[in-house]
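What follows is a group of structures, each given as structure tokens.
Common to both upcoming complexes is chain A, partnered first by chain B, then by chain C.
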Partner chain A sequence: MTYVRVAVFSLLFVLLLGSLLIAFPQSAEALETESVTATRNEDGGTDIIGGKPTRLSWEGRVGNNEKVMQIVINFPEGCELADDAYLFLQEVIMDDPMHPRPDNAVKHEYELTQESLIINFTDGLRPGNKVIIQVYGFQFPAITADYYITGTYVDDKGLSHILKEYSRPVSVIGGTALENFLVWLSERDWVKAWNSNAFCNSFLNPVRAVASVPTLFGGWLISVALVALGFPLAIPVGLGISFLRMSKLWILRFLSSIYVNVIRGTPLFLQIYIAFLGLPLFISGMDNFTTGFIVLALNSSAYLAEIFRAGIQSIHKGQFEAASSLGMNGIKTMFFVIIPQTVRRVIPTMTSEFILLFKDTSLLAAVGVFEMMMFAKIQSNISANITPYVVAAGFYLLVTLPLTRVISVFEKKLAATDGKEAPPEDKKKKKPETKRVGLFKTTVPAAVNQDTGNG
Partner chain B sequence: MSKFKKLVAVTAVLVLALSMALVGCSGGKKLIKDGVLVVGSDCDYPPFIILDGDKPVGFEMDLMQAIADDLGYELEYLPPQNFDTLLTTLAGGAKMDIAVSSLTITEDRAKSVDFCKPYFDSNQACVVRGDSPYTKAKDLEGKVVGAQSGTTGEAWANEHLEGITMKPFNQTSEGLMALQAGEIEALFFDAPIAEYHLATNYPTMKIAEVIPTGEQYGFAVRKGNKDLLEEINASLDRLIADGTYEKIFKKYFPNLEPSVN
Partner chain C sequence: MTVSKDKVVVSIRDLHKYFGSLEVLKGIDLDVMRGEVVVILGPSGSGKSTLLRCVNLLEKPTKGEIWFEDNLITDPKSNVNKTREHIGMVFQSFNLFPHLTAKRNIMLAQRKVLKRSKEEAERIAIQQLEKVGLSDKIEYLPAQLSGGQQQRVAIARALAMDPHVMLFDEATSALDPELVRGVLDVMRELALGGMTMMVVTHEMGFAREVADRVVFMDEGVIVEQGTPAEVFDNPQSPRTQDFLGHIT
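On to the complex of A and B.
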């Protein structure tokens, strides 16, 4: 009888104890893993690369009724430590949750190896506090995989507990070809010699230059896309406005001249700020890229309108008269006689407007559009080095230099053909025609004026 | 051929002269101008340092002035510049002696500059619009968030939150405007500055979570400028000992206890 009773009691006791043990880790009574992360260490990228030093961070919260005397963190197999690897430990006192205070002087001893990190706390981590454990110079294996960090801890009663696994692994990718090349490059003697000079190092560090090329190329494509979408959009808008500027109705002339003068009279940078901070209040769901190229297009349309107007008005009056004598109406004259002649004349000016607009895409970096300038900025920040900007300059020149060449070729051709075709009467003209072009009264030459100064 | 050689020679001489001149500039001088401490800042961190007209004011400004008085230096403030360019300029060595901009001491930054002893405890705040459903930083995963470019807030969000789109801003105040406009769902920046902004200019916003990052602010000097570093540290110690530090602290943070000593 008593036997049975003892057995039942002990069974109950074991069950109770077991349920307690199961219940414990779920409550806030135990040291809880809050996050396990590693710092992005890919050059110019957002990934964590294996076989390359990163910073491993383990953050946890001590339970409310315990002190933590020891923490053991086990690293996955194949991890390595750089020669200068070290531990940074911080206890954050959480008495006032709105104003946590760090304690950098936690008394502790630690042992850091490739397999594990063992930290013994002399006085223990206090209840409710946060603990931040960071291993600098930590290297994950150079194999693409998800890694879980496990561990145990000992409380002030001497009981050992298992650290709850953080729900999310650290996703590591194996070394890329670029990464391997960068390591190889940084070990060359000539690179070391070059970088030992402060000037050479900060303006053209070969390693930083190569590292920034892939990201900057991505940004360059976005810059090109911005102008490639914005400029074609600006052409019809600009043409429309140039017609309005030459309209017979004063109200249309008035409104279009307000548009042109306001846009040309204010900096693009300011227009970008107004558009980005103001438009989302009225139109939701427009992404930065779309807003970006629309602002560029609107800005450029005002300049293009003036270029087109000047181009159209530079066509000799005789052309209009000849067209009407052939029985063409105004619209037909415009599209079949005037515009085809204008196109040739405005192409050089349009190209320089395109160059200006392309360079101006860089202004969008200030409002968070991820174009080349933005990437160059990020690259420069992470390395405290100016090289990425210098590389970005090269990328801008990649577009602008050939186009500048195109302009000069066009202008030469234009000069040559105009010289050949110029009718003799033109040379005998008593006085040059004076027209209003842009903001100034100017004499309109055969080629259009170059008034596109929004750089 | 001789033309080519001449060209090579001229280029070599030019490059050498230029690099020597520039190396000469960044030599180990304690101060760029004798007796003047040239301070660089972003000036966008109320109540730490903010422009009042064209004059910087705030806790850090007062503390800096006290240090300069203590050491017998004049203070000269450079025009405000973007936060993410501060350390590059300081490390460049030709313009700035000390960076004062609510700079968190981090191991990574310590690779390019040296930090004086900490003078303020800080944390990160996840700031959201008052009507938004987010109650902790983790709720922002997969969302569009913002931070000032180059700050610890940006780095924290990038490391700890999965699937976010991070929009870096030149200034925290720009980020706040973008948050108000609904362009981003949350802005990550220093908690004391967030508390100030929310109590003054942005009462419609709220702090979803104070993230205990255990950060501390420190003044940064050029790497290896040990003379200046030690002078500033000694001066800070004196100001803490004689109560000047606490007086300045209480002027700006009457409800907090100075925890740096």
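On to the complex of A and C.
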């Protein structure tokens, strides 16, 4: 009987104690969540964007009559952690509430996963103190929603308690304006109809196309930068080699012709491999980009050398004779008579070479240079769709088509200053043709016969 | 001519020129006096153009001597460019610099070779263009000029260098007949002004009227020479008679 009585009393005591705990304000008695926030991470905006790293902050205050040994924070479903995610923990000692003392050296162990954060405090968090928990590199799901962070904690008696939800949720925007637009776009009827065709979907999925534009644009800028640095470098080198090719000394002619023929006689692809595997052995600190545009420049210099040589040699003999007969020496003749005429003649062919070189930047993707082709490849692999390549093609055309136009404008100008507006059927012949014949990229210079008659 | 002729400007001695194994000039002897107009006639391939081009060394003589004033210019040590400053040449194909206006064509060598100031070169260019009757074409590009106008610019370009002798290599052969006269008029003016000239031409009328001496060449040798009256009216050699018979 006494046993039963003891048991009943004990039960009543526990119930009483429990009801007392519930009746008393929890702030004083238990760990309470004081705030849950996330840092805004929208580019130039004030919103918290899902699917993008942010910093999640949780702050709470330990009850007056307990120590906290463990805190478990549960993340909403679909949250992710960036590769470089990490935890920041701070206990704020509130012995003197007017002068809180932060302590960043709380002894603890923790486990951070996509689902939860578990922190075990070796010495416990002392009563009345504040605790600040921050997870860097935290990503909310890319879905517009309000998120409540829940959790539990364990006190020094080994009892587990539920963390009270914080009254205000974290409001997350599903994605950037672009991401929202993509969602909107994918829901259009015409897009659905278009994508229902396997061919249309594979080659030009509108959603994939729009989605790939920002990344590909970045890659396009790199491609443009490669050729914008490589080509100007190739011009003086090419001019120098063209002079060597016309040198009076056979050894210079011989060496320069080896340079030109080896470079023109082997694929750029192969030259890229040789350079990327070979150069780092001898020159340290060269990044992929630098190596990339140097290889392009060296390759192009060989073609430009031949373009310049053809241009100079296309100048009529009479020009040299006229300059000579006026007492001008070779250098003056070259500088004031021949080169100015050559420049005008080779500009169309040089522009063709520029176009070729620009397209050839794509080969650098094979050795890991992050240019447009590389990004297109990655995008295509991720989405299992060909669309990014098609968009990349558009980006290449963005440069090449206007330049093709420039060539024909230059040619018209050239024809005009020559005073011979070519008849329509002749114009086709005058266009500089750059074609690959067998091993060689052969360049036929524009307008070769300019002089009236001959002597 | 009223100008003194006692000074030899160009003196050619036993000049030979081979192109490969082909002997184009087979021992030429010729003196050109100051102020003299020598017209060289002959059928195509007779070597008359080559002879002219040897005088300013556009063709390198194989053998023989050429004296220009007091300099042996066939001497390898002589300064070719210096010599050419004083020898003006006019080509059949004009050879104007197509990227430069008429004025700038004439200014270029003045500036770069004679080191004249821009202002002086420009003044002389305009003056020379006026002389050849092209003062309204100063800023024209060669392509905007007719053949005859281009050739007159070429003459002005050569004259701007103050040459001691002018070489005309078939200066009118590439021109349409109606454009020939303008160029010949300029050449005639020049001759009357006392310029020493060596002229290769097919213009018999010009030769008869302007030449002090006519030289007839055939197959690399000088066959006959004399005053226009002597050569045209009373040719001694059968080859000269034959050539003139075909021309006139």
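Just so it is clear, the second predicted complex is superposed on the first by the 243 of 455 C-alpha atoms of A that agree within 3 Å, B and C clash if a C-alpha of one lies under 4 Å from a C-alpha of the other, contacts with A are read in each partner's own complex, and residues count from 1 in each chain.
As a working rule, a residue touches a chain if its C-beta (ideal position, glycine included) is under 8 Å from a C-beta of that chain, and two chains touch if they have at least 3 such contacts.
Because the structure is predicted, anything quoted here is derived from the model rather than measured.
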- Query: Can A:F254 be said to touch chain B (first), chain C (second), both, or neither?
  - Reply: neither
- Return first, second, both or neither, reflecting whether A:R344 touches chain B, chain C, both chains, or no partner chain. second
- Task: Look at A:F336 in the shared chain and tell me whether it touches chain B only, chain C only, both, or neither; answer first, second, both or neither.
- Result: second
- With the two complexes superposed on chain A, say which partner A:R101 touches: chain B (first), chain C (second), both, or neither. first
- Task: Mind working out whether A:F269 is in touch with chain B, chain C, both or neither, as first, second, both or neither?
- Result: neither
- Which of chain B and chain C A:N385 touches, first, second, both or neither: first
- Query: Now for A:S325: first (chain B), second (chain C), both, or neither, which partner does it touch?
  - Reply: second
- Touched chain A residues, chain B compared with chain C: B
- Query: Do chain B and chain C land on any of the same chain A residues, and which?
  - Reply: none
- Quick one: in the complex, what on chain A touches chain B? 35, 37-40, 46, 55, 57, 88, 90, 92, 94, 97-102, 104, 130, 132, 136, 168, 197-200, 202, 276-278, 280-281, 284, 288, 366-368, 374, 377-378, 380-381, 384-386
- Partner chain C, residues of chain A touching it in the complex: 316, 318-319, 321-329, 332, 336-337, 340-341, 344, 417-420, 450-455
- Contact footprint of chain A on chain C as seen in their complex: 56, 58, 81-82, 84-85, 87-89, 91-99, 108-109, 112-114, 141-144, 147, 150, 154, 157-158, 161, 169-170, 174
- Item | chain B residues touching chain A - in the complex, by the definition given at the top | 18-19, 22-23, 26, 84, 87-88, 91-93, 107, 111-112, 121, 123, 146, 149-150, 155, 158-160, 162, 167-170, 174, 177-178, 181-183, 191, 195, 210, 212-216, 256, 259
